[in-house]
Amino acid sequence: MSIDIAPILKMLVFPGGLTLLALGLLYEYIDRKLVARFQNRVGPRVLQPLADTIKLLAKEEVIPQGVIPLFFVSLPVVALAGVLTAGLYIPMAGLAPAYSLPGDLIITVFLLGLLTLCIGLAGANTADRFSLVGATRTLTQLFSYEAPFLLALLCPAILADSWQISVVHRSVLGHVWMALPMAIGFFVAVIGLMGKLELAPFDAPEAESEIVAGALTEYSGRGLALFRLGKDVALVLGITLVAAFYLGGLANPLEFLLKTLGLLVLVAALQALFARLRIDQTVGLWWRIGALLALVQLLIVVLLKGVIL
Amino acid sequence: MKIGSMLGEIFRSVFRKPATVQYPYGDRQAVPERLRGTIRFDPEKCTGCTLCMMDCPANAIEIIAIDKPNKRFIMRFHADRCTYCAQCVVNCRFKCIEMSNEQWERAALTREPFTVIYGRDEDLKKFLERTSLEGVKEKP
Amino acid sequence: MTGVQKEKFIIPIGPQHPALKEPAHFEFTVDGEMVTSASVRFGYVHRGLEKGAENRNWAQALYLLERVCGICSHAHSTVYALGVERLAGVSAPPRAQAIRQILLELERIHSHMLWVGVAAHEAGFETLFMYSWRDRETVMDILESFTGNRVNYSANTLGGVKYDLGPQQSDSILRGLDSLEKRLHYYLKVVTNDESFLRRTRGLGTMTVEQADALGAIGPTARASGVTRDLRVDSPYLMYADFPIHVITDTAGDLQARFVVRIKELFESARNIRTAMEHLPEGELAVRFPRKVRAGEVVSRIEAPRGGLFYFIKSDGGENPVRVKVRTPSLRNFMSVLVGSVGRQLADVPMILSGIDPCFSCNDRAVIVRRDGVPATEFNPRKESASQSKS
């Protein structure tokens, strides 16, 4: 009886599972350290995110009254599982994705959105007012950021004539000059990514000074640890996807590191620069400007396709 | 109307040393001269007027007479009650009390170090015999 | 009355909430994200300080009342000292008065910079928060080298001050003020120019001059609406008659204007400190103060960083005060929050609240309201606002 080890390894160790978790913690550290240095502070040490996760896992999980216990306990698991699965289709570390099938761009974006959806549902699952307001804001922001983000990711896909991430990736590899006409799309994709991940200044759903912790207010212990890990992994995956599509592809692990870290520096700088936007301001801003810019980029892509390529 | 008006500032900060002082590791900042640490009592000049005791907002000072006609007094000082206001320093007409600027890290694991008795050696011995206290080391 | 009652969704802010630095209980009734009504309840930080002052003698009460508030501690200490000195017929020497004034203005700088950071934090602008608090350290270091402590300076004593302004201290103050002014110009630029920050502060909590007067707002909150009321000019104390202050006002009356007014006030404070240090009168630092104070009552007022601070001190000729009544400026400004937040979004409420620079520990005094000679058991601030008189 022979068990095929390769898919299990791919799912659990590389590029899924452990690698993604480790990268997620590493990128969270780099992000926090960069934001701290921008604010003239010291920032955490390398193992801090790991220490946070271990501490949270070791604490008691309090299940509040008024929730549906099954959902309360299972939503974090579903969220993390979804995000880890999304990692199987993305070219991690510059190598080919573990699995590839036509249309997996949609699957990946959906799985990344599953995280936000689970956070929203988790917030709606409580009797606590702060969580309800946070859940409303999370879902509102989900609606307003998915469309431009997907449109922005679609533009390179249209140029490559495919909805398969590996095909798009291969077509962009080496053509770094393509970044220029796609600059608008890049901008929309980065801002969309920050909105999806609820990074400042788009962190109204978890505005600490207004609604405590938003949808995750009631979570503690294991559930909170899993949600946080999910967000970290989503950060890695989102940055990899945007870098793979817009910055000329990730040919090898070195390019992967350089490009994703460069993008992370940009994201951290954007985090430090602005005041938090109110939820109506983010929605108003992005539905108008974001969608418009994405359509402009779409137009450029169509022209390019018809005229040049 | 500018977007990201702090950009120059945050860019420069990356290359500067962080503003955090990593106490107690790293380089400590210099202690200012007038820092109000714990008090020091000079028993030589004390006349036992107890003005310091009367005006202490926290009742941290007790002037105990060992030998009143010969002006021998000791002070029992409760460091855990002191608010470091320095009113006793101002009140004392003979400048017996001053506030140290070196002893300001006052954390301890038990309550004992916080009751300090100041005085001349002979007076302290007499007092300890009187009250049969265990020897509480005089703070240097 | 039949019919479906619209479900009232009440969001409690406090007593424990990350937006509040101290406990207070606000209840906002919201409809979606829009606030429809607001109410407030205090009392969580009541420490019985007024009663405590009655059990201590005059000098002890000075240090007790200094700890009413950590940010405006010197203001409390000064207003008490001024009041008691007036009761006793003692006048502090001019040098002591000038030093008290310098410390008051330094405290104003520290308090307003703290507020800029905290209000930026409420808006989610962490970077401005970190930078303004880093520069506030300059003022704290100046104060530490001057008086020996960073908060609760205990620089006052009944009859004068304890610490003299020597050449080393003046030097450090002047250097500190120079660097601070540069930074303050930068923060004024950021606060008035940064688009994301303006979106959170422009048009928020707007009060016209008439509204500010009717709601009883005082301090920079009212001055941002155009009310030119500043105790340093209206009834000068210490050396404000010799080193005067210009009242800074603004006409917009919104949160943006409050930022601008507070930062501009700091330029005035810096100028005042420099003038006072240049013309510092010579003389002794303190005079003898009697142990017993003559019988009488006195009302003492100064302009604390948050507005007019008011003390009523009564003596019966003994060693202890008979009654000390403290009325802090933050208490007067809460009506403007309750009225100003109706009709706004929930996300704006912490910003409007932080715009008045609330200091809850200052607030919590016990008040007995008598209606027709009978103590009232319930005090509803909304019903009483119309009859609240200006003190």
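Going in written order, the chains are labelled A, B and C, and every chain counts its residues from 1.
To be clear about the criterion, a residue touches a chain if its C-beta (ideal position, glycine included) is under 8 Å from a C-beta of that chain, and two chains touch if they have at least 3 such contacts.
If you're wondering where the values come from, they're calculated on a predicted model, not measured in any experiment.
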item	value
More contacts between chains, A-B or B-C	B-C
Farthest chain (mean CA position) relative to chain C	A
Separation of mean Cα positions, chain C and chain A [Å, integer]	44
Whole-Å gap separating chain B and chain C, where each centre is the average of the chain's CA atoms	30
Gap in Å, rounded to a whole number, between the CA centres of chain B and chain A	54
Residues within chain B bordering two or more other chains	3-4, 6, 10, 19
Per-residue multi-chain contacts in chain A, two or more chains	38-41, 272-274
Touching two or more other chains - residues of chain C	127-128, 131, 134, 194, 196
Of all residues in chain B, those that touch chain C in their complex	1-6, 9-10, 19, 32-36, 54-57, 83-87, 89-91, 99, 101
In the complex with chain A, residue positions of chain C that touch it	9-12, 17-19, 33, 120-128, 130-131, 134, 194, 196-197, 199-200, 345-350
Chain A partner contacts - residues on chain B that touch it in the complex	3-4, 6-7, 10-11, 13-14, 16, 18-20, 22
Chain B partner contacts - residues on chain A that touch it in the complex	36-43, 269, 272-274
Chain B partner contacts - residues on chain C that touch it in the complex	56-57, 59-64, 127-128, 131, 134, 137, 141, 144-149, 152, 154, 157, 162-163, 168, 186, 189-190, 193-196, 198, 286
